[in-house]
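For reference, the structures are reproduced in the following blocks.
Paired with subunit B in one complex and with subunit C in the other, subunit A is shared by the two complexes that follow.
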Partner chain A sequence: MSIKKLLVVMACIAALCGTAFGAEPPIRIGAMYALTGANAAIGTNIMRGVDFAVKMINEAGGVNGRMIEVVRGDTEGDAAKARSVAEKLVTQDHVDALLGCHQSTLTNIAAQVGEANEIPMITAISTVDNLSENGYEYFFRMCPMNSVYVRGMFDYLRDQARATGHEVKTIAIFADNSNIGQEIIRCAKIFAPDYGMEIVATVEYQGGQPDLSSEVLTLKKANADAVIAESYINDATLLMKTLQEQNYKPAILVAKANGYTDPTFLQNNQGISNGVASVVEWNPDLTKGQDINAAFKKEYGIDMNGHSAESFTATWILKTAFEAAGTTKGSAVKEALEKLDIQGKFPNGPEIILPYNRIKFEDHTFAGKQHYQNNVYASIAISQVQDGVYKTVWPLEYAGAKIQYPAQYK
Partner chain B sequence: MDTFLQACLNGLMIGGFYSLMGMGQNIIFGVMKIINFCHGEMLMVGMYLTYVFHAWLGIDPYLAVPLVALTMFLFGALFQHTLITPSLGTHSFTNLLFLTVGMGVLLTNVAQVIFSSDYRTITTGYSSTILSFGPVTVALPKVVSFGVLIVISIALFFFLKYTPVGKKIRAVSQNPIGAQVVGIDSKKIYMITYGLGAALAGVSGALLTLFYVINPTAGSNFGFRALIVVVVGGLGSIPGAFFAGIFLGLLETLVSLFIGPSLRTLVVFATFIVILVIRQNILLRRA
Partner chain C sequence: MFRTIFSSTFRRRAAAALALLVAVMLVLPLTLSGMPYIQNVFILAFYMTTMSLAWNLLGGMTGQNSIGHACFMGIGAYTSVLCVTQFGMNPWVSLPIAVLVTAVITGLVFSQCFILRGPYFTLVTIAFAEAVRQIILNWDFAGKAIGVGLPYVRGNNWLLFSFKDRAIYYYIAFAMMVGVYLIMKRIDNSRLGFALKTIREDEDVAAAIGIRPLKYKVIAVVISASVSAVAGFFYACYYRYIDPNIMLQSASVELVLPAIIGGSAFVEGPLVGGILMVSLSEYLRNTFGGILPGINLILYAVVLIVVIRFRPTGILGWYSHSAFRDFLEGRVLGRNMDKNGKEAQS
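And now, the complex of A and B:
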């Protein structure tokens, strides 16, 4: 019997004895995601990452012998519900920590509830920059913020020259006029000079319009070396069709996930999307996390994606913090999270499967704004559609495939 | 210059759809003096019908057009007869307003329940065929769709002008009581008219599927533009709606190209208001 199996058996015996002799109750984590409504598919997928991590942790003996229990809070993706869901989790279900949410607006509300009740909260997925500007003591962000996504896209544009020999000097931005689109434009304007690139066109289009032909003509006229895109799924699909129609094939098109990584994007744009690159938080062909994904796929029948890989990792962070704190008292767990510094792999746990090697929450400044308790080591990967599927092409050291240049749109 | 020509062609293509939507809206308004607030949603239903015909029964989207038209005609006639006609008697504008708005919300939600909020597209062997005319390019489905809608516009014009049913529709629209006096069954005409309007919206949806994205809220943008087309083109005028639709399409693509995409809707609505004011002044002077 291997040591690992022995440990599991011992843990099970300990757990059984514990139950018999009135063991400590489980540690409860409140998970706030949309489980019904229009965003239900996204929320359900995120929950798989949480459940899978909890199963792994409990099977290995839990947190110092205490099991973890997940309490689901269905936000329905509705900002009006977020507060009551968070309050119910905290005051009635007495959760010891919060995980959530998917949409940044809801996360902000949940963070307020956590702060007021001294319940530590980690967001694994919300990226809007200003979430970490509030100075909350109990709120931590694991994922990169939007500006880090954009910086990653610029790093890619710079690094791809090493692989393809084509330097990017001019860029065009194609972003919708939503909050997130405008943030992309703002960040790109901040970063471009640092990377020696010039923004030659900014197409800030209106989302959900019947036609994008003139928007594409503007891009075509600008004829930039690379196009940076941010769209929701309907516009992303319409863009692909319109690029064909207007006979414009930008050599590099790199998108900030969103619509371009929606599960229906590849399916709806078969044969016209090869070469499109997009930010991903994780991808099945990333050289990290292969074993975990194999076990995950066995359990749920599908690959992990960026969201489930992130929620999986955030659950492990909570486990590590509970273990370090030795208690579930909010203030002690918060202190443990502040001190947490995970390098390479979790103690007695898996490697960090995301495309970075360190997790540590730190305060920092960006573009003159003070940010609090962000995982400053978080970064992203970039994948490119090749033969109809996304293949990781950057960071070059974790890449499973070579960058195809120029993009073919076939 | 090439870019300008390309933008004009693009405007013409999308404008055709605004025309078709506007004509459907216009014929309903002309006869019943009601604004059909679920016109955009009927376009969406047309898209999903085409999707169902194609994905489940393997029927080509263009061959599905007559089937969609027939289904939508029956749906429209039923909706008119069972819900709108009884409300017409109440002479309550709010009643009709809520009825058509409510139907729109209902259709969107039913589509969401049946098809989820996933975005869908239809791809066929020819859907990404691109035609080049000198410096300009256009997708084959757009050209075919444009051709179809020109044919429909002309047919509609002659139908209203020369056929017995068309004449009855015009009679009811000009004077409902007078028409009844001479023995026209106005309730039946209402059914035909609303069915026709619904069929036109459905056909627009069917023709759109090859180059647009199908989803439960896809209709709202087109529904709203249909209203603009009706007002700019003149209430009740089929040729007016046709040219107003084309004008709106051209205006959008040219504004987006030369003034800026973020100002697209703003300029369109500003123009719309200016046209309204000018027309009002002309009408007042005539009076």
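And now, the complex of A and C:
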């Protein structure tokens, strides 16, 4: 072997060693969602958003050259287990940030673990208002809180009058006695007077009830201009059937996502659901995020839903914060999140695909309560079932379709 | 007392082994100081075991199967959290109040329900738990479905019962479990215990020999509920956020399992079952839960079915007639046993 060859070989070995030793360990993100149990379907959709974002980030070179690795934790939808999962992710897997959870109680408990260990945590999904009242330093909420959902619904009721010419004066509320349902009722009572509307009936039913006849009868008697609804999927389907049976066709029925945007809702209610409107965090016909959804669909065979779009975005937020902090140290990443202000699109990344254009965590007050580190620019879109699919009708600038009035239930 | 402990080789060795075990449990958190997750598993196990011990007083010793124990725990947890958040009390002050409220409510309700026997009693416990859950679910004062939380406290604070250091929770939970176990052991060997066991075997016979079943059953349920309330207080202070889901039927069933798997005829049953089940469930979930969701639950169910199918009297039921016991207690601890497995009198 000539000296020249030897030198080349040595240089190659040195280069290999260099990359091997120089390659930094991946940044680890702990994702805490229900992967089994009653909420597993929801958790799976959320995880798809996280996985897809991480794949996209890593393919584009990661965070300053460091790859991102997702460590999953299955909460089973149980509060005590959520705490175990958070403890394990933080103290054994040494994750650098947390994403989670779905149910707000679990998020509240897991956030304490992040707080105690100085690990930043973002929730992309949990909407119960009181989550952001604790004053945790390391906890951030990206999604709108329930009161923002309800405010969006009222905005829709007001704005649709301009498009359809039918003003809404009276409202009936149909909600289950879950934490979300109860918050919808509470917030609607706060907003109604501001919008000059009157709540003429409030029907709070037990989730999973076998029959909703008397509830629908109450709604029918109240004969409000619009019905606000919140249900899990089984109850949502039962409501649609019962509306048909009793031949009650509220001109406007607007729901807070949940069961009404469940993938099976349209299948189960074909031919009786046209005209139903629902809040969506994201929808495939939104004028934003079309190419990302196309790639997502290629990967998983289905469209993104609101939850996967939200968890996708939250993962990008973490990436941006890690990049800005230049380190994975919890306190530095937290500071980066506090200062983060994303307008339009992520640096070296996609546009904000959700129906808002800015992400910034701020403290604010609502209904006399101090809230901390909420994404105050978060808002929602509203879609209406038209020809058997959800089409975005509000806010008008992102809308792909016109509002149909009155709802046909055909 | 010490004379009986040291009266034979077996007793001396058994006492030494027990002391060693307790010493290990006390030193453990110090060696685990860098692993709060493992400490957390132990804390959860101690809490579940305490609840199962409470259940076993009613279910095992008195033979009244309750599937509503999560509700007793829930009343305790809610009372203490509401005392703190609504009335500004100190958590420690809320503890006796929580126990008292739980004891009074269960005493009042169940003194009317013990006319029912067997499965009918079990149905009442289910109905009672669901009724309480529904009340909380619709009660503004108690936070309805959204739940209520204790304020977050930084660092270790004994006054507010909140610790950053898991080891402190570990010792408190351990002390709670051991304390409850000792109370149960004491009851087991007392007049009360014999009365309860007589009722379990035959209520009519008990009545015939002058034991008033109603009175003793109420005593049992009140003690059991009070202990559950203490565990509920601990749960609230540890997790610091509660919602009505803590009283779900499934939570009640989960508390029964350690006693059944460990051996509900034994005071030690929940102790063995609780530690085993919680560590098994945590181990399975954290080994498989993230990779193959659901497989951990399937494995857990398989273990449950196998134990119930082949050892219906629980692990201790098997142990008390096993060759392993002969080996452990006879050879290792030097016990003189007669052919019935009872300790021979020397």
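Following the convention adopted for this analysis, the second predicted complex is superposed on the first by the 389 of 410 C-alpha atoms of A that agree within 3 Å, B and C clash if a C-alpha of one lies under 4 Å from a C-alpha of the other, contacts with A are read in each partner's own complex, and residues count from 1 in each chain.
Operating definition for what follows: a contact is a pair of C-beta atoms (placed from the backbone, for glycine too) under 8 Å apart; a residue touches a chain by one contact, two chains touch by 3 or more.
Please read all numbers here as calculations on a predicted model, not as lab measurements.
Visitor: In the overlaid three-chain picture, which partner chain does A:N130 touch, first (subunit B) or second (subunit C), both, or neither?
Guide: second
Visitor: For A:I190, select first, second, both or neither according to whether it touches subunit B, subunit C, the two together, or no partner.
Guide: In the superposition, A:I190 touches no partner, neither subunit B nor subunit C.
Visitor: Looking at A:A332, would you say it contacts subunit B, subunit C, both, or neither? Reply first, second, both or neither.
Guide: A:A332: touches no partner chain.
Visitor: Using the touch definition from the top, say if A:A324 reaches subunit B (first), subunit C (second), both or neither.
Guide: Neither partner.
Visitor: Touch check for A:N177: first (subunit B), second (subunit C), both, or neither?
Guide: Touch status of A:N177: both partners.
Visitor: Counting only touches as set out at the top, which of subunit B and subunit C does A:L396 meet: first, second, both, neither?
Guide: neither
Visitor: Using the touch definition from the top, say if A:L340 reaches subunit B (first), subunit C (second), both or neither.
Guide: Neither: A:L340 stays clear of subunit B and subunit C.
Visitor: Of the partners subunit B and subunit C, which touch A:I109 in the superposed model: first, second, both, neither?
Guide: The second partner, subunit C, only.
Visitor: Touching subunit B and also subunit C: which subunit A residues?
Guide: On subunit A, the overlap between the subunit B and subunit C contacts is residues 177.
Visitor: In their complex, what parts of subunit A are in touch with subunit C?
Guide: 35-36, 40, 71-74, 76, 79-81, 83-85, 87-88, 90-92, 104-105, 108-109, 112, 115-116, 128, 130, 134-136, 177-179, 181-183
Visitor: Write out the stretch or stretches of subunit C touching subunit A in their complex.
Guide: 34-37, 40-41, 44, 137-138, 144-147, 149, 151-152, 164, 239-243, 245-246, 282, 285-286, 289-291, 293-294, 296-297
Visitor: Any idea which subunit A residues touch subunit B in the complex?
Guide: 38, 41, 177, 203-206, 208-211, 213-215, 217-218, 220-221, 233-234, 237-238, 241, 244-247, 262, 264, 268-272
Visitor: Once bound in the complex, which stretches of subunit B touch subunit A?
Guide: Going by the criterion above, the answer is residues 3, 6-7, 10, 14, 17, 112, 116-121, 123, 128, 130, 132, 137-139, 142, 211-213, 215, 217-218, 221-222, 225, 249, 252-257, 260-262, 264-265.
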